[in-house]
Amino acid sequence: MLTPAKKFDLPTEVISNELVAENHYLLRCSCPEIAASALPGQFIHVLIPQGSGLLLRRPFTVYTVEGDQITMLYQLIGEGTNVLSSLKWGDSIRVLGPLGNTFEMSSTPNPAIIVGGGAGIASLMLLAAALREAGVWALGLVGSMNQARLLSVEDLKAIGVETHIATDDGSIGHHGFVTELLTHILETHELPNPIIYACGPDGMLRAVTKVGLDYHIPTQLAMENRMGCALGVCLGCVCKVQLPGGGFEYQRVCTEGPVFKAEDIIW
Amino acid sequence: MLTPAKKFDLPTEVISNELVAENHYLLRCSCPEIAASALPGQFIHVLIPQGSGLLLRRPFTVYTVEGDQITMLYQLIGEGTNVLSSLKWGDSIRVLGPLGNTFEMSSTPNPAIIVGGGAGIASLMLLAAALREAGVWALGLVGSMNQARLLSVEDLKAIGVETHIATDDGSIGHHGFVTELLTHILETHELPNPIIYACGPDGMLRAVTKVGLDYHIPTQLAMENRMGCALGVCLGCVCKVQLPGGGFEYQRVCTEGPVFKAEDIIW
Amino acid sequence: MSDIHRSLAVNVAGIQMKNPVMTASGTFGYGSEYVDFIDLNQLGAVVVKGITSVPWVGNSMPRIFETPSGMLNAIGLQNVGVDGFIDKKLPYLGNFDVPVIVNICGEHVEEYLEITEKLDAADGVAAIELNISCPNLHCGGMSFGVDPKLTDELVRGVREKTTLPLLVKLSPNVTDITVIARAAEGAGADGLSVINTALGMAIDINTRRPQLANITGGLSGPAIKPIALRMVWQVYNTVSIPIIGMGGIMTGDDAIEFCIAGASAVAVGTANFINPRAALDVADGIEEYLERHGMRSIAELVGSLEVP
Amino acid sequence: MSDIHRSLAVNVAGIQMKNPVMTASGTFGYGSEYVDFIDLNQLGAVVVKGITSVPWVGNSMPRIFETPSGMLNAIGLQNVGVDGFIDKKLPYLGNFDVPVIVNICGEHVEEYLEITEKLDAADGVAAIELNISCPNLHCGGMSFGVDPKLTDELVRGVREKTTLPLLVKLSPNVTDITVIARAAEGAGADGLSVINTALGMAIDINTRRPQLANITGGLSGPAIKPIALRMVWQVYNTVSIPIIGMGGIMTGDDAIEFCIAGASAVAVGTANFINPRAALDVADGIEEYLERHGMRSIAELVGSLEVP
């Protein structure tokens, strides 16, 4: 994976911040430096405005890059995202990034299967765009609680990603897990050396990992964890990683990650 | 002094919040219950909105009562008043009040001299209005750093209070302390048994106290102190008060005060 | 209450309460100050401001200061004294159907004993909370709370003077709170209040004077909640008498954390200054949690922390 | 710098620094992580993450949790070990003109001694900071820091092994920090770092599991500033060796408070996570204060608290 580009800590203003699905918002701001260098899978560490009473920043993947602007697609979870969602045009935030490693795109244009659960799809959009630009055929499998919370399907289709949907309540698409869709696809399609890219809840990632192993498909996961510094110093964000020689090591999601080989992760 | 009326803790919305002088704002909100019962000298304890990161409420005197609405005139001091000043129409705050005792107005309509230093004048406006309504002749002495920060002069004149100004830099009115104005007035006017009401910085209140004693004029001071509960339980807001029998006692500005007899205060 | 089988009532250390939420000493006066906002009958218990044998004038000003997510106080136990309390304050609380717990502090053992005897003889005292943890330097209280021998001696003495439920309030300003907890339990305490304030300080950089006339003061509020929770959990794993948990409780969810850590009841302190209805709101929050999780009482929660 | 007579330079415990602002151990990695934001040459000193004799894997997840105005951490001293540090990390820092202070921790005295010998022999180590206060339960560090005898023994041992300036980092989780401070001074410490994190805890009320895999962790950030200030002031009134103050410092004004309380230098920790330039911003803030008050150096401030 590439050596990370220079990192910036920039003050910027919210350009727009709208509700795009139940409980989910899309925030747009202008960050030329980050827009110019952010790679698929990389994230930013956002300082919620002063006086919000929150201490730590909050990490979010770069969802899209458009000229000088970047967007982030985020789910309401707790206090931080709640304050974020209240920001309006002109409100100022600070953005630290680009951070972390990136998805590995093979030199040969193998077909890509992109599996996103909930807000996890937000971490895969920049990748999808990069794959399509490289002329790679990409399949998008989007899992969601229900139709109201469905994310990114239009955005994926717009860049020519064939997209299938799974919802927990069956309100749209397949009634069940997105990983069931995944196995179904693999059983019914003949894909030459596909690569799986996934991001979502732990349970989903574990299931995807199993599928990848069962079908011998190289699988990359974008991991999440609580973060302090996002610069690699606090060691608060680690995940447990298998070492080639055997044994394990705690690696930093913010630095060695967020992207890891699925088979390396010890759950 | 009257036994306090029932206290309320009410959610309300900011109606307006505008800059009325350099570093000073006037906030208006609708509080029928408090508007109906607030007496001269009483104050409210304001909860700055959630997520502001501040723990304690902030106390402010009721500046004016207009129908169901009350206003507060406040100076930018630190974090709390800074957050307050950022509030816009429709933002919600909580208001606890009416709190504290009230100024004593003598049954006979003795002439009143109202001495306000800086934002201290805010604590005297409701009194001035009550005096004028009772047909009492009132003189207003308003001290300020400079013309840009001058407060309430128009409001006082509007209710028929003859008003004189003193500024530290002489940019308007008397060049010097408002207490110099006070002595000048007392030397040049023949006022039958006047009463002095004062609020402002400690230094000014001490000087006013001395004048009151020198001229044998009953003087009432509106005191300030940091406040926790504003309900009389934390004992954090006390000031040192002379006891009739000799000795002293720490009395609560929020409960026994904010109005005290000048000669009772031990500085 | 939708579910008739659900009840918030608890009996802690022999104190029968309608719900597990008390008001913390020194943050609720003598109850009367809150009647415009709260029906005192709905409280689990009222713990009154610390009482001494004779009236204390208290410390000079300034006495409080706000800090990040907390506040410092150095009141110096200004109070009417035990006689004044029994004559002037206690009768009013008798008008309500709520247990009154009297927090007491002294400079010498004798003082504690004298207060205890008077309270034991008085009507309307449900329990005594022994403040051996007052962080105010001029008060003997603290020195007791940091020494297991002195704690044992003091608690034994008081225990002999009264049959009332006896709570001992522990200081967080110790190396190992379990040592003091064990001493208090061994000496006959019926329950432990955990924690009092943490000793702190703040400075005005322009005057270079301390923000408190007393120089140091007690830190309370959400800032100390992680420390309080840790101590409740440590004490829960050490003693078998019930714990009243406190320190930064602002919401029902905060209270639930304390119960899971091992508290059989909780006290709400600084929160009363921000929200006069805090104690009742916390009780409501606890009930909602029990409903959400289909529990019948907080007994199912107490000490239920699942450790890896 | 408008006034040529004014200087931020200080020599603390034999460590010559351009300004009195260090980075706190464990919050600045090995320096390299911050070069995109900070010119390391402008720092007073870099204190690196705690080093042990052999590499440690650290605790399992979750390791951190945010609390009101603070955060809990239980990293478990994951580090490359002293050899790895000397080979892989130290050389890079050699490229900068900044004192490197190495924070060390161990489970036994021998371990501390072994690390000390290796660091003493290595190039580019300006001083050693003895971490006898790691709140991580699995680490021997803490037990040293709460016992004056063990502290004396450990500090003496290390003192004999090196001529490097020796700082001892004290734990706030003690009844009387001055006892430990005196022990460290008596055993030959050149300076004291006050404070390490306060032991705390948080609970997920839905899973009823601790928020940290280690159950308890160290509380840092503005929440503990009042406690840290109090301890710096207590230690300042007890020992005559210099104090490096830390605990919740976010701004220059915070640092000034610590200096007035008795700190000759300060360390910035958690603030580095929120603002990568925090250490330099704090140094700038100190300078502005000195300018505003017409002071030539912070020496005029150290311990200048005016007590009533």
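Letters A, B, C and D mark the chains as written, and numbering starts fresh at 1 in each.
We adopt the following convention: contacts are C-beta pairs under 8 Å (C-beta built on N, C-alpha and C of every residue); 3 or more make two chains touch, one makes a residue touch a chain.
Everything quoted here is computed from the prediction, not taken from an experiment.
Each step here moves to a touching chain, and the least such steps from chain A to chain C number 2.
Shared contact partners of chain B and chain D are A, C. Using CA-based centroids throughout, the chain positioned farthest away from chain B is A. Rounded to whole angstrom units, the spacing between the C-alpha centres of chain C and chain D is 34.
Chain A and chain B have centres, each the mean of its CA atoms, that are 56 Å apart.
The set of chain A residues that touch two or more partner chains comprises 53-54. Counting partner chains per residue, chain C has residues 60, 68-70, 221-222 touching two or more of them. If the chains shown are joined wherever they touch, the resulting network closes on itself as one ring, and no chain has more or fewer than two partners.
Remark: the chains found to touch one another pair up as A-B, A-D, B-C, C-D.
On the chain A side of its complex with chain D, the touching residues are 6-9, 47, 53-57, 96, 225-240, 248-250. Of all residues in chain C, those touching chain D in their complex are 60, 67-70, 72, 146, 173-176, 198-203, 205, 207-210, 213, 215-216, 219, 221-227, 229-230, 233, 248, 253, 256-257, 260-261, 289, 301, 304-308. Residues of chain C that touch chain B in their complex: 26-29, 33-34, 36-37, 49, 57-58, 60-66, 68-71, 73, 75, 78, 221-222, 270, 272-277. Considering their complex, residues 51-54, 79, 83 of chain B touch chain A.
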